[in-house]
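One chain, chain A, links the two complexes that follow: it is found with chain B in the first and with chain C in the second.
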Partner chain A sequence: MGEPGAWWTLLAAPAMLLALAVLAVAFTAVLDARDAGRPVTVAVAVRPFTGVPRAVLAQPRRLPGADVLLWRAGAVLVPVAAVLSTLVIPFGDTVLADLSVGVVWFNAMEVLTWAGLWLAGWGPDAAFSLVGGYRFLAQGLAYELPLMFALISTATGAQSLRVTDIAAAQHGLWYAVWMPVAFVVYLAGVLAFSFTGPFGYPAGRDLAGGVLGEIGGVDRLLLQAGRWLWLAAGAAMAAPLFLGGGAGPVLPDWAWSLVKTLLVLAVLVLAARRLPMIRADRYVELAWVVLIPLTIVQVLVPALVNLNR
Partner chain B sequence: MSTTDLVLLGVLGVLAPACGVLVFTLDSMARVTFALLASLCCVGGVVTVLGLPYLGVVIVLMMVMEMLIMAVFMIAYMMNPAGLMPMSMLHNKGGSLVVSAVVFAALVAGIFAVPWPGRTGVRPKDTTFQAGTALMGDQMLTMVTLGFVLLATMVGATVLATHRGRYDRFGDDLDQRPAKDPAGAGVGR
Partner chain C sequence: MDVTGLALRAAAARPRVLLAALPGGTAARLEAGRLLRLRDWPSAATPAQADLLLVVGPDCPRLHGALDRLWRDLPAPRARVHAADAGAVGARLDEGRALLRSSAGQREQAGTAAAAARDADRKQPETSAGADGSGDEEDPGSRHPHGGGHHGGHSGGGMDMDMGMEMPGGLPMAEQGEDRDGLTLDRLHVPLGPFLADWPAGLTIRVTLQGDVVQEAELREAAPPGHAGGAFWVQPWLRAAAGEPVTAGEAARRRAAAHLDSLARLLAVAGWPAEAVAARRLRDDLLDGAPGTAVALRLDRFARRVGRSRALAWLTRGIGRLSTAQARQAGVSGPAARAGGDVADRYRQWLADIRRDLGRLAEGSPLAPAADEGPRGYWRDDRPPSAALMKVLPELLTGAELAAARLIVASLDPDLDELAAARREAGAHG
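Let's look at the complex of A and B:
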């Protein structure tokens, strides 16, 4: 069991999540500049954030017939759910709230993104963004079940839904090593609920930005922040679930947590840039015909190991 | 139960029926769906506060997914295109008002009329474990049977609903590759 966090962790956890998200955005900008053959400088890494003050000050965009309440609720829900998910993610030994059902909590918060994106798509009363919202639901039906089985694999291995127990149960051998299918499916799930990279279909360019198409100002900033915050939260959760949490030689626990999170985040950013976008209908078939059976077999492995123990 | 729990219980207990009332007063299908979702999330919170965190969080988890899928279908099947016109959830206003008032009164009366048993023994430390052993221990056979029946129902309903069978897709000898689908997609096609 981890130590419950002091009062200041209530502020530190969102701040750290934001810092990780900022790093991911800067990393993407740097990689973009390198690929385009532009000089890689600090200015390049900072450039994505120069739009932030402008977005804050921008006139909110108004469309005729927009459901502003639901639209705004959707834009707010995505980053809020990402921040709430950090409640159960241990950083070294410290965790904000060591819930006995931490894995389920993380999953429930992640599912709130379904609501957020659909609302963001519905709100503006515009065709392209609505299609984007529907696309995310189709994508959700595809990625959610394999992701759930991947999460269940780790909980079965540790015989606990508490995230710190799962991290502690991996002494010696990480779950990433002997549950590779669950690990890969989890990483794909992180990209999917961040609707980025191969799962950027709901906000695709072929759809004039989809859910991001009509939204502007602070709302747009929040929705895009939610995307990167989810990527960071997913990377942070990968450390306790699959990479042994804060365990490691020499360095203190928190340092190992940070190193593992940063590595996973870097891998996710690289994968998001490299992999082509997948259409939701294609991924549904892959997920239901290939990934669900694979992940069910993957859950069977820790179950059998535990029965033999 | 601590003071915080009692306050939470009170707030959620008021919010849940309040959102429930909104379902019948709002005039947009999207808003109605999300009012119902908010109400169900409050119910999940109540269950959590009452000491069943697993069931409470799972209610939120499942309800968000279910209500979103429901929103898609409800809006798709609305009488007006895309459900964008004002609508009302009220049908048979007088009758439904009487029925719901009677049910509500009966439930409230039940709270006071039922002789609630006193607690015997101490409260279990991990109710998730208790719920798990109750379902997977004594009721294992029920759960397994239920699972297969549900799966068979879903597969059966899909088979009955689809107008294209495997002979349409793979030809009379089932040897036609790739399958003759109106739109190709997915694994190997």
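Let's look at the complex of A and C:
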């Protein structure tokens, strides 16, 4: 069991999530500059953030036939769900709300992005945006079940849905080591629910940006922030689920949590660049024929181990 | 606090550029792409994401309407500049940035934009060009899934019921039709092009979508006849045909760069931006006259990563199959015919051709235009190879999903400048 957070953790958790997302954006900008043959300086890492005041002060977009209410609701839902997911993610020993169903809470928040992206695609009444919206549903159909089984593997191993119990149950042998399939599927799931890199299908360049194609101003900023916030939240959740949480030698718990989260985040950002966009029509086949059976077998492993204890 | 000033400075610090390439503007497009890459000005895919509209290429009155709609969809603060040729691009970019930064310029624009909007309102309900950068003159309502504007021939009784209802934005509802599984689904008429990101300049394909499956694809007469731009990619061949001395090495360099340009587009459409940037860098270095040894190492790494990528092959396998026999019958020559297969076979053929050409950069023998194929194939009886590529497009696109359709177009990458050059030659002879 982790300690319940003091009142200030209510502010600290979103702030830390935002800081992680900012780091991921800056790291991506540096990698972009290196690939494009531009000199890599500190300014390179800061430049993407000039878009923030620009977006906040932009002229609002008026489109004929747009469903503004649902459109805006979708854009807001994605980052809000990402922030709410941090409620159950322990940082070191501290956790905002140590729910007995923490894993389910995280999963539920992640599923909210389905609604968010679909509404964001529907809102502007534009063909490419709409296609982008239902592309995410097709993608969700592919990634969600394997991801759920990956999450269940860890819960089965710890015989608890409480995230701090899962972190504590690893006793030095990380779940990433003896549940490698679940770990890899979980990481792919993180890229998928943050619709980034190989899972950027709903916002594909072939759709001229898909769900991001028509949206402008603050709404666009929120939706894009949601993308990075989810990437950060997914990385932060990987530490307690698969990497033993805050456990580690010498350093204090919170430092180990931070180190593990940053490493996972870096791996995710690097991996996202090494693969082309995976279309859902191909991924569904892989997910249902290969990944779901594999992850079910993976769930069986901790189940059998626990039965023999 | 000067809020407006802050917004303007923020927009000008790193303007996001919507690049609209006109037919014949290939050289200017390449220069613009190179400058944007070096300056770190991101390239926007739609007006909603952009601050600066950069039009490149010789003026084309036929596309004015489409350009105006792109411009109308750009949120303020915004700026619009036009670079007719490659030499002017740098200066125009600076000019655009200055326009973005100056509040006087923005106010002036806001005034004219408001007046234009009032005019438009008076004429008809607002219809804007696609955020997808699409829309051609004939069909201003292209942005809307619920209003293709193409209801000709459709007067089913089912529509009567809708008449009494208030339509969103005053747009007509989509018509319906049977899809490939026999279900009745909405049919949306969406034009692809002429200003879609990573799309052949000047090409417009009208597609009828059900869900995201292309039911019908119809090519629009694309390039305007005989514009002044000249066909950049086939210049060495045209010059050699006109009797000028051109070395085989120069042609090989141009051909390799053309394939890298096509590959960059394909990789962008396939959603692999990191490798698309690598291809563009190699292309720019080759066009800049870099010796083969200077780029060999990077090209090797690029060709290995892309050519041996199992993920990319898995994602492009079985899409847009065009056998060698079919291709030859349609008059297709060049890499598309030699590859004789799907999208994966075609990009691998490009990679193989680039490697071969890299060894030929220093060849000093004169170019024989009839024996040494151009980037897209041979010219036969004044018929450019791209004409044949365009001929096979509609059939390949029918039944494909939208993402696959984009991959098919990118993997054939017809160059419409060739058509214009051919027409001009024919005009000169006749």
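Assume the second predicted complex is superposed on the first by the 309 of 309 C-alpha atoms of A that agree within 3 Å, B and C clash if a C-alpha of one lies under 4 Å from a C-alpha of the other, contacts with A are read in each partner's own complex, and residues count from 1 in each chain.
Methods note: a residue touches a chain if its C-beta (ideal position, glycine included) is under 8 Å from a C-beta of that chain, and two chains touch if they have at least 3 such contacts.
Computed from a predicted structure; not experimentally measured.
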Touched partner set for A:A58, first chain B, second chain C, both or neither: second
Chain B versus chain C as contact partner of A:V104, first or second or both or neither: first
Contacts of A:D281 with chain B and chain C, given as first, second, both or neither: both
Which of chain B and chain C A:G248 touches, first, second, both or neither: neither
First (chain B), second (chain C), both or neither touched by A:A66: second
Dominant contact partner of chain A by residue count, chain C or chain B: C
First, second, both or neither for A:D125, with chain B first and chain C second: both
Chain A residues contacted in one complex by chain B, in the other by chain C: 65, 67, 125, 130, 134, 279, 281-282
Residues on chain B engaged by chain A in the complex (per definition of touch): 28, 30-31, 34, 37, 53-54, 57-58, 60-61, 64-65, 67-69, 71-72, 82, 84, 126, 128, 183, 185-187
Contact footprint of chain B on chain A as seen in their complex: 65, 67, 69-70, 73, 99-101, 104-105, 107-108, 111-112, 114-115, 118-119, 122, 125, 130, 134, 137, 140-141, 144, 161, 279, 281-282, 284-286, 289-290
List of chain C residues in touch with chain A within their complex: 3-4, 6-7, 10-11, 13-14, 16, 37-38, 40, 45-46, 48-49, 51, 75-77, 125-128, 130-133, 143-147, 167-171, 188, 190, 196-198, 209, 211-212, 267-275, 277-278, 281, 309, 311-312, 314-315, 401-404, 406-407
Touching residues on chain A, where the partner in the complex is chain C: 31-33, 35-38, 44, 47-48, 50-54, 57-61, 63-67, 124-131, 134-135, 198, 200-201, 204-209, 212-217, 220, 273-279, 281-282
